[in-house]
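Once you scroll down, you'll see the structures, which are given as structure tokens.
Shared between the two complexes below is chain A, which pairs with chain B and chain C, respectively.
Showing the complex of A and B:
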């Protein structure tokens, strides 16, 4: 057991303009290792399997509990969170690459700010009058809370966007995460004041019509958010809104 | 006069709370954060947020909440701000509810509450077991709204390096580094609010997120700010040991009925299900019949330590005990604790519905932090602090579910106070010292890049974490604390011989880490030496050689200031405000 090792192959790119290359690493195995702890090990001893000095891997991470959404990357070809990718469950060599649908920053770091811009476009918030004391909020029955809570668990990791065949520069599709947030806020007793605006924001190019029902999103979501249900519900609402707007002229 | 410019550093609950209040009052804010603010460490809080709403017919009051908090903190907290926080708490919950936080509900559609440690009341509002995530998102959404209206400008991916302080000692802005281009810049401001969270990284592995290094607090401390009660470090009784970090297992698991136990016989090899009730040692319930599994964290942590290290009853001889939920029905667990049980199963590979979890204490929270006055301002005019990075709400030990509250309450105060301060500020002379400060930071960067030695920063960090965890967490001995300080001085020496394996100037994460490491080393001396000087036991600070609380000598706030000397920080002590509740012995084996 003492000699058991872990093999990784990590895609490196020093900057958006620099050439891509793969580096191999061989690390001592330890129980409970995940892909993050393997990269921490490399930072403490940045030497490749061939014995060449290299640099620590650049990657985004923060909570390491699969709740902050930072460390999404492709591991053995699958978009997932590096912190919850346990080495013992992965086939070796473990191939680690950055998400492919977002602008590369360095190594495994990519720029996912498009999601936050999308959330602005659909007004993903409840418009409270102010933060002064206005007494209790609206009554919400447990059944409603149970329906909304899963949608509110979205960690903005963008795995659903990475795996979506329609999420690409040609369509400008907003992706499943944003659509699920529209459902969340349209369900809220106060949030629904913007319901029509949100639906209209999803009615045009890049909106909900771009969805091709590949259903990859719901498979990839680390939080098991019912994304395809959200897409079909909001798709229906967008259609109804379009008809209403057409009738109103 | 031009509109005041306020800079908020840190986008967790405290920072976002401050931003919202300033934007609402008509101010504009520059918000700096290392990570996109939605990924801040506040997301990790699980169990809930306290407020004496008294919706369970128990006769709970804000005074009870105040008393529990002061008592839980072993009387070290100044009472005036704590009283204000507890009185404001019910309105804070209402506001969060109005913002759309999906709090759990009663059948009548009202907020549900659960019990947490250190109280006998159901006082904790919760959204499943992801309350921090839900609260952060609600505030993040409000800030996004203000951002889209042009009141907030975000600088995500920028790291705060230092304050710009003028010749009068007044803050005039900050310096920061773009973590992609590595560009250094100064930003002018009339007031600054630090909301930069905890210091977990100085203990190596903790329940904290990667960004919780304490680097920002340490930088300000080295520029002249007092750091208060640094020796008070909370070790959470129930964490899941891991290779990369210690993952939190929420106190809400016990709040919903989870029981902590070990087999009565040392080294019992039987499968857990075959150990009969009579042969299980529910030590918290036996030792603390009134509070049982819901004693405060410092008490539970020491009890687990005793069971493992003194009685030798750790599971299979390992430093672990059971946290058992298997007697609770699946629907209740999934409804109230879903998120955390999933995390345990994902990271450990065992289903906690079916088998007890294996847990052990892990470093979790700093009660200490930047010294602030009752207006949340540090001793440097113009620098405010809110959230975990300041010291004022939790005394010697924090009660569970009070941290989210103190973050929001502190931010709600710091924001308007900073705006008021800024409105009365006289303009700076010249650039207020910005160019000189920027040059100082550029010099630090250059010397790191040119440093030629053999030391690896990540390995120095591991050594730091090993020594602080060994000597400055659950049990503290003066001999060990002295050793720890010598070790830190040695690491500071070796820091001068760091050789960066990556000297590039694009998204150089190890370069940024190495800068943080220096600040971690300086701050860890405050923790270790503060603990060395406090010869008593109070809250989370426990010295077996001085097992009693000593109010005569140490009912005082520790204030450390930076000297730059090898001898370390200078320490002085300040009287504690105890005007409302007279200090009394703290014990949890009987009713208060």
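Showing the complex of A and C:
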């Protein structure tokens, strides 16, 4: 058991301008190891497989249970959550790279604020702020809750955007996550107040029309959010909204 | 950790830009591209393959079909407005869409992703084929508007070259594929099939329709290259075309 090891190859870059390079690591195997726990061990003893002293790897993570969305990275080429990527399920050497579509901060850390900007652009919230007590909200029937619950599972990991062929600087596509959140908040009896604005926002440049329906998003989403269904439903709603706006003049 | 203290707003954003909420007209241009693919281009493809299938009835039957199409009111206006301009727009805008996408089937070899890529390749193949087909058969050689009876012979001459047969088979199959998957995509993106099951079921419908169209197309290509009408006349006289029922035997 003691001689069983785990090989990792990690892409490193000290800053956005610094040159990129690969470092190899070899760790003692432990049961239940995942990619984040492996990198924690590297941090405790930052020595490469060749025996060179190096720095701990910079990466984002928090919950370690696939619920905060911060640890998305490319593992063996595929975008996924590092904390739920068990080492025993991965082919070795495990190649770990940062997400490719977001500006690099350092090593495996990227700046995913574009998703936050997109969620703001479509007002993905329920407006309840006010100067007086608005009382209890309208009743949401259980059937409606069941339909909405899967959409509310989004952890803003951006995997759906990373794997999308249309999400790139040329299109400035908004990505599947934001479209699914539009569906969630448009379904909400109070969130609905912004329904028309959200739909109009999604018809802007980089909006829902850029989706090529490659369906990678739904394959990659770690929370199994029905993204293609949401794109379809919201695609229809945006179209109806545009036609209404046009007829109303 | 230091990550929290990053400067709040970068003046120049790196990476993919956020949504330009409600700005610009790309929505309209995209949806126009999508709609034109179905109507009129898709509708015309179906009509065209059915008309061409009449070639299996021989030079006279084919000539009659061509004559009927020529008899439509303002046929030249119709072909520009409903065929040439929509196809040009769909093809050129489609290329623009292709250039802005970044395929990644190497890392994500999923079926939807393959179909996404195939839709781009079949599109360019069909577009190139259609351009050469229209130039050669519509704008060059004998005018089929003036001589509908010459249609069969003209196509037969083109397809006498085995390379042309290969080009026709590939171009026609690409067009059928692109159209069938295009209909499926249209239904998915316009919210007609918003459920996973409805998309699956409609997928079968589109495959069946695509296969049917391909069979029609292959059948008409066979009519021109097969032995049955090997000695087709250069031109079927108008009187033959206008005669009530005719066996189609060469004169």
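As a working rule, the second predicted complex is superposed on the first by the 242 of 249 C-alpha atoms of A that agree within 3 Å, B and C clash if a C-alpha of one lies under 4 Å from a C-alpha of the other, contacts with A are read in each partner's own complex, and residues count from 1 in each chain.
Simple rule for what comes next: a contact is a pair of C-beta atoms (placed from the backbone, for glycine too) under 8 Å apart; a residue touches a chain by one contact, two chains touch by 3 or more.
This one's a predicted model, so the numbers in the text were calculated from it and none came from an experiment.
Using the contact criterion defined above for the overlaid structures, shared-chain residue A:56 touches chain B, although it does not reach chain C. Legend: residue contacts after superposition of the two complexes on their common chain; A:220 is shown touching chain C, with no touch to chain B. Touch criterion met: A:242 reaches chain C, while chain B stays clear of it. Once chain A of one complex is fitted onto chain A of the other, the partner contacts of A:23 are absent, as it touches neither chain B nor chain C. Contact with both chain B and chain C is seen for A:105 once the two complexes are overlaid on the shared chain. In the superposed model, A:97 lies in contact with neither chain B nor chain C. The residues of chain A shared by its contacts with chain B and with chain C are 60, 105, 109. Chain contact summary for the complex, chain A toward chain B: residues 14-15, 30-34, 36-37, 40, 43-46, 53-56, 58-70, 83-84, 86, 105-106, 109, 113, 116, 119-120, 123-128, 130-131, 133-142, 145-146, 148-149, 152-153, 155-156, 185, 188, 190-191.
Chain B meets chain A in the complex at residues 20-21, 24, 35-36, 38-41, 43-44, 91, 94-95, 97-100, 102-110, 127-128, 130, 133-134, 137-138, 141-142, 144-145, 147-148, 156, 180, 209-211, 241-245, 247-248, 335, 339, 343, 346-347, 349, 412, 456, 458-459, 462, 501-502, 504, 506-510.
Across the complex, chain A is touched by residues 3, 6, 13-24, 26-27, 30-31, 97, 99-104, 106-108, 110, 112-113, 115-116, 119, 185, 188-196, 199 of chain C. Of all the residues in chain A, the ones that touch chain C in their complex are 16, 60, 77-78, 101-103, 105, 109, 111, 114, 117-118, 121-122, 161, 163, 165-174, 178, 200-207, 209-216, 219-220, 226, 228-229, 231-239, 242.
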